[in-house]
Structures are given as structure tokens and as C-alpha cells.
Amino acid sequence: MTTDRVLERVASTAPYALHPDRLLPADPGTRAIARELYASVAGLPIVSPHGHTDPAWYAENAAFPDPSSLFVIPDHYVHRMLYSQGIRPERVGVPRLDGGPVETDKRKIWRILAENFHLYRGTPSWIWLNHAFQTVFGIDERLSADSADRIYDKIAAALERPEFRPRALFERFNIEVISTTESPLDDLRHHAAIRASGWSGRVVTAFRPDPVVDPAFPGFVANLDTLGRITGEDTSSYAGYLSALIKRRKYFVEVGGCTSTDHGHPTAKTADLSAEDAAALYARVRSGSATPAEAELFRAQMLTEMAAMSVADGLTMQIHPGSRRDHNPEIFASFGKDKGCDIPGPTDYVEDLKPLLARFGNRPDLTIILFTLDETVYSRELAPLAGHYPALKLGPAWWFHDSPEGMRRYREQVTETAGFYNTVGFNDDTRAFLSIPARHDVARRIDAGFLARLVAEHRLDRDDAFEVAHDLAYRLVKQAYKL
Amino acid sequence: MTTDRVLERVASTAPYALHPDRLLPADPGTRAIARELYASVAGLPIVSPHGHTDPAWYAENAAFPDPSSLFVIPDHYVHRMLYSQGIRPERVGVPRLDGGPVETDKRKIWRILAENFHLYRGTPSWIWLNHAFQTVFGIDERLSADSADRIYDKIAAALERPEFRPRALFERFNIEVISTTESPLDDLRHHAAIRASGWSGRVVTAFRPDPVVDPAFPGFVANLDTLGRITGEDTSSYAGYLSALIKRRKYFVEVGGCTSTDHGHPTAKTADLSAEDAAALYARVRSGSATPAEAELFRAQMLTEMAAMSVADGLTMQIHPGSRRDHNPEIFASFGKDKGCDIPGPTDYVEDLKPLLARFGNRPDLTIILFTLDETVYSRELAPLAGHYPALKLGPAWWFHDSPEGMRRYREQVTETAGFYNTVGFNDDTRAFLSIPARHDVARRIDAGFLARLVAEHRLDRDDAFEVAHDLAYRLVKQAYKL
Amino acid sequence: MTTDRVLERVASTAPYALHPDRLLPADPGTRAIARELYASVAGLPIVSPHGHTDPAWYAENAAFPDPSSLFVIPDHYVHRMLYSQGIRPERVGVPRLDGGPVETDKRKIWRILAENFHLYRGTPSWIWLNHAFQTVFGIDERLSADSADRIYDKIAAALERPEFRPRALFERFNIEVISTTESPLDDLRHHAAIRASGWSGRVVTAFRPDPVVDPAFPGFVANLDTLGRITGEDTSSYAGYLSALIKRRKYFVEVGGCTSTDHGHPTAKTADLSAEDAAALYARVRSGSATPAEAELFRAQMLTEMAAMSVADGLTMQIHPGSRRDHNPEIFASFGKDKGCDIPGPTDYVEDLKPLLARFGNRPDLTIILFTLDETVYSRELAPLAGHYPALKLGPAWWFHDSPEGMRRYREQVTETAGFYNTVGFNDDTRAFLSIPARHDVARRIDAGFLARLVAEHRLDRDDAFEVAHDLAYRLVKQAYKL
């Protein structure tokens, strides 16, 4: 393509239209290959093995209330950026823990997003929001102070229609299966309701035991009481506690179709204590008097115990370490967890995973998927580990790195040592239901671009690239998560 | 553009001419967009909010003495590279602390640079030097052993002419405002002289309190005496010491037009001690008997105190941590500070900044600009922090990373989480006056290239890209530094 | 080139043929420059200053036994990837330490490689294996389950012919000089035999003292006895031990043509103890009762002692730190060292090298080449160190990073601070003789691509780029290693 034609194309693209070549490499030769690769996977069903959508949506299939409740209030990516420029969470309706006053005028909240939409330039939120506005609601102008009300009205009107209810969108998004994430204390009533409803959409749960394995979790001791009560086990002893967890995993499999567990520890620390030491440590944490070091050791021990349970029941294990949660005490006190004040820190995998790997790392019948917020470990630690241990696989670029540049760095830094086949496709990991198609689309485009570069540089053959593109978009995730 | 035309253009470019497309992406489509973006900002005035030029230059407006004194002797990037290949600082005229003999023949020094000019291939010094040779002095051949004398003579002759005096160059460089950096003990006489002179050039100072807040700074205790004397405060008490600092900041604002402070600590450690503990710690460091740990804690406490003062007087705060200063004892002993033997090390921001952020991080009326020499923190720590805390902004790629690849990595690793609007444009941070236009030009070109890629990949609209280019080159720096 | 022509070219390339433009940048303009740069160095002789081929091959010149013994069994990159997918080392013939049964059917082993060849897509093993298949054996189809036997037969037949013996391949590969690596306890009989044979191929040794300087090395104490015996020195004293090492280095120079030493420590720790403390520490490690901390301190001290010996005898020193060796206890127990279960970890250079650098860093007559497995130190630590200290140079991208993306990151992150002339060209560092031409070819292509980008972006002149390409492929390695 000549320079003039490139410029002309750019110029003639209405700024609010999603370009069919978006996110593909600029070099025309590479783009042509990427375009074909992307086309070959663009229509594949979405397999979403890890995320945080609310199962009540699918169970109740109620209409989403309004544009701000859908796009602003629950999305920590969105209000985090606004807050960084001084717009407090109250102003965009984020509920206070003390029930204090927050903005309730949804249109006013929407206007704040619209007036500040330039802040998202260059960020994945920009991509996700525009993708949803355009592909889901047919918005054909850019969000701005001027267009705010028109777009609000258009989305609000759509949300009242049956084809914008959760199940209809689920089907329209071509979701083959989606996993939510629940605490072991959850009764999975929504999952049961979905199954009982006769609806064909496949929604499964994932077992996230942080509330009952992390002594620093709010309400930990009371949670252990509850765990005992709902399982009929005596959680005052370590043996009873472990039995309760095993029972609960079984319940998740039976009632929630669960195929995986998820562990969000501050570090990747693992331990393999003697039965005696583990029981003594449990007694300390059970009493609520554990020191931070004991809490860390207990979490470490529980990762290894969870691996042992996974060997027995076949659940794929996910480890999501490295977030310094709730870094901002003021925001945490006012608004609680998951409100955008989590900051990553350096994370060690080589030493920290050793105890677990020494015991289970050589088992090809176990799958442990590692994630990171510390990109320095991609080439230094994660790819060498996953390129060796049969039990290990690498999860996709996560959280702050679930973005075009982040995904590109992931492939560039992981592939040469771990290959493609020690990775597990894409996770959207989102609470933002409307962003799911956009996120999977970004991943497919970036992978197509990466593969296209390998083809253009004659490092991968064309036919191989098509096979790999399919594997990354569909096959690997189904295999790793047994979906 | 066809391949043949590309090659032809490359071949037909005389090797010593600055190419109009230099530093723009090679892909013709992307380059065409980058060229337009660059053209839209190339002529904007230079706002230089942080640097180390000598205010005496602007005050006295004396001629620069000779080419080597301008380009070689004071530039640690230049003699560092020569030293790495065994050419000692004495041989290029760097003064010894003991007054021992060093080369004084400026032409001989210049020839050493010329003979070794290939060492700078691929480095920013290559760009900066060639840019100054060509745009300032009209040199039309490459520096080499053969051309050394001709170029020396041409530059030397130019330096005698009035249009090469500091003020004339300042105007020719289209500098709207430049900041120097002074110690609180400086009387700012040069700044006062500039103002008194009636010259229209705007030169401001920045408040760099290291000599009086870092117990490891040479002469620290004596510096506190001086600080007391010049402010009329009693620096034997912590209260008097803090008052002295507040007074001195006020003096910097009034006499030097100061709008910012700058802090060059070895780490990003902050502390928020009780008034009592802080006073007791001050008594220790005041006595000159502080341990290294106490010195570190005092520096940490002073960052928080400085933030408190900034809340009161509105000065923007810059934190430049992470350099292991004076790594080479022999060179330090012979030549003193800032002679090229500073080496970066890993730097933590997430834990280290917590005390300061817990107290002031949520204030939108405070601006703290973070810099780093440890690129691993861009995506892991700095972008998440600046993408959340209202008080935080990110400074540009710094020192070793003030280079095409360094700037590109900065945008690629920072933008997706922090956006563009939590960054503050460019700093040249230089002592090398002649390199200022080159450095700002590099930044504008690299940013144009980055934005062009986003446009070419349809991740950013054209009109948005033009606005962002302008923001990055001009608006954001003025806003962040209140200039 | 038009998009259509690019696609056509890709399509018309038989998938099993090495493309002449492989690994060059996709942008046509940049590729055209890269092609010329590559062409200018493609035919240069191979200088291989560091590696692990077996000197017996060149001494005895016996035929390589079969395809699997050549390509699978000894290559830890190959069986590491198979193992990551659950294929145990026994199944591909890796010998067990206990002599237990492993697969001996070489054709069966080959079929396992063939059936799993897709695992290597995107990895350097894919490039190296295909390069050797095609350029050495003329294989014209891709390795797969279907082609496995045909390819096996073709290679097996070739190996019986004289032109596939080690010396013939050495000559065909255009190797000017290759270095093997031996323990100080090795008698260098193969090196002596090569020299006595009258063959013109130049094979030198490198002095790798880990077995006698690392107290954690298996058999360390017995090794010291042997060292004493073969040198006639009394290794019960530190003085005798140091004399023995000096003698042994001399022997390596005289018998093995040695020009360099190599040090594979877990960290880059160095120390500069007093003579008394060093002797006392030696007594501890000599007795076999050293703690891990003492072992670490002894290794640290020995790096400094080795630097002192290098100042005296002129051997170039290589430091290869940062591998957590034998991370997997089960595989280590079954198969021993170097079987793919080494994992890198974070490595500090700035503090750890200080004692050695304080003593010897300023000597331009000493060459210490630093390598890393921790890419985060390229721009943060290694480039600033090598861009300052006359004694330091940077080794090329190593081990897991000896790959297209790894080499590209190396140049991008190192050049701007250290330049090209503080680097030392390429090391293949391999046991896989057949991969040597492929590895050097990859390095030359990636460097050509990097330089071409600098030219295309007008950051480097064409004539300079040709000179640098030649320096990187040939001149710098000969100079740094005195070959």
C-alpha cells in the first residue's frame, strides 16, 4: 500500500468506527498475513475460563439498569483513572462502606465519563468501551461532553429491550462457556438456578478459597466456622478443615460444574510442612492470633494442600500472586476491596514455588496455571519453569497487562523458552460483562499480529501459524481448563 | 514508498546531514503519520522544567570558551564512554580534585573525541552532538580524525561571535522557560542578576535540598549551620530547621521564580514519624553521628516533610531516586561527584512511598513527579501508582533512558495503565546547553512515532493524536510544573 | 513491495525451505538494508570463543553415531521441552545416573521428536534444528510423524560418510577457531592430540575452575586433592592452592591454547578479603565443612583472585552468573547436572561486583566479560557498568536469551548506554555441534536487522552500519578473547 493510500484510509475512517484492521501490525505485508490469521479465528466461540461476572445475571436474566451502572460504577479500571485525576469515587456513584452519600444521578455520572473520556486514550479501557458502544449498542459517534446525553439515551433505551438482557447477550457474544468465581462459602444458588432453568448457556463456577485459606482475609475465623457448619465437618482440627475443603470442592464440581480453583495470594510462596507442623500452624491461625509471618506460611502451605487435592479431584489450579492489595488506606476504608488501589510488586517464583514443585511439579496429570503482575519474570522465571515442569502452564497477560502492548510483550518474552503449548489461551478475568467480546477480540488480534510477524520474518510457516492461531484462541484453553 | 526508493533515499543522504525523517518509524505508512504529527509540534517553544545548566551563563552572557570546554569536559556521558575504553578523564581535561595535572590543550582533547567518535554510534550522545554540530554551527562533515581540526576551528570561530553567546542561543533555541537547579544554600545571585538585567529570557530555579536533608551529603552538618545563618533560624532544633527550609523555599520562589523542588535520594524510601521521633532523629543527624540506617530514615522523613511544605506553598515535587552514586572509589576520589560512575540499582516504589502516599497521596492539589532509573517499575509499579493516586504523576524517561529506545519503552510500558495525562511531557535534565534542542527534538519525534503507530494500528484517532502530541510537547509540562 | 507480492512470496515458499530473508525485519525498506548488511557478513569465518563441544570429536574424528544421539539425547533444550509436556527423559534415551533402563531404540526416540515437533514452534530450537537438517543434510521436507523415518534414514546414511565427520564439518562450517571448556583437573589429552595430529583446525580450551573453586561442587574436597597431585603443590594451604591454580592456568595456555577463563557461579558476588581472612576461609572450605554462606563468600573471593591471576597472565575472564542450578530434585537425582532443570533468578551486579571492581575495574589491560540470565539488568546495571569501567565488557544474550527476540532486546537495551564497542560479538555456548552455524547465522541476521532499523530511522549512517556489522560478527570477538 502506498503512503498516500495509507493516509487516505486513515483520514477517511470516521473516528468513531471500529476499523477492521485495528490492532494489527502497521507493516502492510505483515498486516495482510495477520488479517488472514485473524479472520480464521474471529468467529470462534468464546471460552472464558476465568472471570468475575455475577452468576445472578444469568440466573435471573434481569435487565441491566442503566448505562452508568453497566459501564462506570462497577469498573475499577474506569474509576481508577478518573480518581488519578482527582475525581473522587463518590462522584461516579461508587458506594461507600458507611452508606454515606454518593452521586445517584446516573446521567450526571455518565457525563463525567464523557467529559473525561480523553484520559483513556491509549488504554485498554478505551478499546473495550468503544467496542461495546459500537458493536453492542450501535453507537456511531464518539463519546464526548457533546454526545454524552445522546449516547446515554440510546444505551438506556436498548437496555430495556429483551435482546439486551444477560442471556441474550451471552448468546449474541457466542460464549460457549463462562466461568464465574465463588467463595467456598457460597451456596451456588445462582448456578443451581441456571441449570434448573433449562437455559442452554453454560456457566460454571471456579473455587476461590481465599476467604477460608488466607488468615488475613476479613472474617477469616468466622468463615472457618461457617465452612464447618455447611460441610458438617469439625474445622477446629486441621484434618476436619481439610476434609471440609475437599467436600466443598466436590460440591462445586457437582452443583457448579467447577473445573478449576483460583488463588489470589500476595506472593507465590509455597510450603510443604510435616503433618504435625501444619496442624500446629492451623491451630494458630484458627485462633485468630497468627502473626503476619504465620499467615504467610499458612497460605504457602495451603497452596501445596490445594495441589494435593487437585491431584485427587482433577481441578486445574490457578495462582494469581503479586498484588499488594488495598495500597491506599483512605480509599480502602471508604470503599472497601477491589476499588482500584491494588498495586503490583516484585514477585518471586523460582524459590517460592519450590516446595510445591518438589512434591507435585513432575506430575503430568496436574495442571497449575501461573499468572503474574511482574513482567520481569516472563523470560527470567515463568517461561523457564513452564518450559520444564510438566505440571506448570502459563496463564495469559493479566490485569494491568491485559492490553495490546502487554499481550505483545507476553508472547515476545515467553514463547522462545516455553513455546506456545505451555500457554493456555486467553482469560478475560472481568466483572464487566459487556467488555468480554472486546477483550477476546483484542487477544485474537494481537496473537494474529504476533504470528504474522513470525511468518513475515520466516520464523514460522503459514500453515503452522493458522494452526497455532486456532490453538491460542480455542483449543488450548479448553484443554487446560478441561472445558 | 517502494523498496528501491527507500534504498535510494538512504544512499543519497549525505552521511553527515540530519535527515528530516530521523527517528521516525521506518514503516512508510506509519512514518507518513508520524511526519505530520511531528510537524505539528516541531516549532513549539521549549519548556525545560528540570535541568542543570549554569545560571551564570544567562546572567553574564559571556562567550563559551572553546569546543572542548563546551562539548567534552563537562559532559559525563562523553567522558564516561571514553573511559570505558581506557581513556582516562585527565586526558580529556576533566579537572582533578587535588589540582593535579590534566590535559589543557583543548585541541588535543577535541582530537581524542574525534578519533573515538565511533564509540558513540547507537547512543544518544551521537544524536545530541551531531544535532548541535549541524544545527548550531552548520558543520557539514562528520567528526573524525581527519575532520577534527576543521570542525574545531569552525566551532571556535563561531563561539567568538555574539550570536553564539548564551542569551542569543537561548532565544534561537526558542526556549520559553528553563529551570536550573540550586542548593538551598545558594544565594541565587545569578537569578537575581538575570531579572535585574531586563533580559526577557525566563530562567527559574528549582529547590534541591539534598545538601541539607541528606546526612550523607559532604559537609552536611556545616550546611545546617549555614542554613541557620542565612535564614536567621535556629537549626539546632527540628522546628527551627523546618522553619529554615520553609523560609528558603519562599526565598527561592521570590528571587528565583521557583515552582518545583527536586530530590535525588538513593532510594524512594519515605517515612511519617511522630513529631517526637522526627525531632529525636534530627538531633542524631544534626550531631553528625547518624548511622547509615538513620541517615536513610531521615531522608525518608524529609520527603514527607517536603510534601507537607509543597501542600502549603504549591511547589511541585520531583523525586529522582535509584542511583548508586560514586560506585567507583578511585574515580570519585580523583574527580569527585557526577563524573560518570553512578550506576542504577533496583528501586522499590510500592512499599517505599507508602508512608508519604498515605498522608498526601489523595490530594489533588499536590503534584509529585516520580522518575526512575529502573525500567522494570514502569509497568509494574509506576503506572499503577500514577494511574490511581491523584497526587502522583510520572516524569519522562530519565538519564540513561533519555534516548530513543528508552523513550519508546517508557510510552509502551506506561501508557496502557497510566494514560497520557498522568505524565508530564519532557525534561532535558542536562548540563549540556547545546544539547537542549536536540533532546527535546528527540522526545517530540519519538512521541510522534509512538502516536503514529497507535493511529496506524487504529488504536487512536488522528485528531486525538494531534491533540496528544501537543499535550506531550507543551501543555502537560506547563501544567505539571506550573510554568 | 506490494501486499500481494508479499503474500505471494510467503505462499510460494515451500514450508521446509530456509528462506533467504529469514529473521530480517518485515518492513521492506528496512529489510532491503538488512539484506545488504547481512550479505556483507554472512560469509565471515565463525569465531566461537565459548562453548561446550567435546574436544574428543576433533581429536578422534569418529563418525557421529545416529540422528538421535546427535540431535536429541545430548540437547537439554530439546528434552526440556518434551519433558514440559510430560515426556520423560528416559523415553528419549537420556541416561540415568543409576544405570536404570532408558530407551535405546534410536529410531523410536527420533519418532518422539518428530511427533512433537510442533512444540518447538516459535523457539530457537526450531530454527537450529531446521537449519541443520537443511544446510547440513539437505533435508527437503519438514520433520513430522509422517516424515520421521525418511529423515532419520537420510541423516543416518549421511553420518556414515567421511564428509560428515567432525573435522570435515568443522571445515565446512568455516570455523576459524572454537573454544571448548575444561575443568582444571582435565589433562587436555584431546587438545594435545589435536595439536599432535597435524590437522589445521584451531581448537582451544577455556579454564573453568568451578570444580575446584566452588565448595558446593560435587567432590570439591577430593578435587582439591587431585589439583594438588597434578600440580605438585600443597593444596592444604591457601598459598599452595593459589599456586596450583596459577600453574594449571599456565598448563591450559601451553597445552590447550587457552585465552580465557569461565565462571558459572549462582550469583555475581565478589569479595576482597585480607590475606589472613582468605586463608582462614580456605581452611574451612578445604575441610569440607563450610556453611552455604561460607561457600558463597569463598566463591566471591575466588572471582577476585581469578581477576588478579588474569591481570598477571592475560586470560580474559567470563562471568556467567544467575542460574539456580538443579531446581528439580527428582530430575537431578535421576539424571544429574545440566539436564534442563536450571532456572534463572534475579541477579545483582551493582553491589555484588563492587569489591572486584574496586580492585581491578579501572585496569584497561584486564577484560572481564559479563553475562546474564536476568534481562532486567541490561539497561539498569550491565550497560551502565560496561559503559564506565575499562575492565568490563558485555557478553552476548545468553542461554534462554540466545534467540531472535532475546538478541533483539539485548541490542535495544544495551546499545544506548554501552555502545557497540563495549560488547564482544557472539558466543554460541553450545554442546550441539550441528547447531553452531545456525546460531551464528541467527546472531548475524538479528544484528543486521537491528542495524538496518537504525539506518532506516536515520540514527546510523550506512557506511557506519557496515563497519559495525563486521565488528559484531568478527572483529570484536577476536579482540576481546585475544583469538
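Every chain is named by a letter (A, B and C) in the order it is written, and numbering of its residues begins at 1.
The rule is simple: a contact is a pair of C-beta atoms (placed from the backbone, for glycine too) under 8 Å apart; a residue touches a chain by one contact, two chains touch by 3 or more.
Just so we're on the same page, UniProt names per chain: A, B, C = Uronate isomerase.
Predicted, not measured: the structure shown is a model, and the values here were computed from it.
Residues touching across the subunit A and subunit C pair largely diverge in numbering: under half of the numbers involved belong to both copies.
Overlaying subunit A on subunit B by C-alpha atoms takes a rotation of 120 degrees, rounded in steps of 5.
The mean-CA centres of subunit A and subunit C are about 39 angstrom from one another, to the nearest whole unit.
Across the assembly, subunit A contributes residues 1, 25, 27-28, 376 that each touch 2 or more other chains. Residues 1, 25, 27-33, 348, 350-351, 354, 357-358, 361-362, 364, 376, 379-381, 383-390, 392, 412-413, 415-422, 453-464, 467-468 of subunit B are the ones touching subunit A in the complex. Residues 1-3, 6-7, 10-11, 13, 15-16, 18-19, 21-28, 80-81, 83-86, 118-124, 126-127, 142, 324, 327-331, 340-346, 373-376, 400-401, 403-406 of subunit B touch subunit C in their complex.
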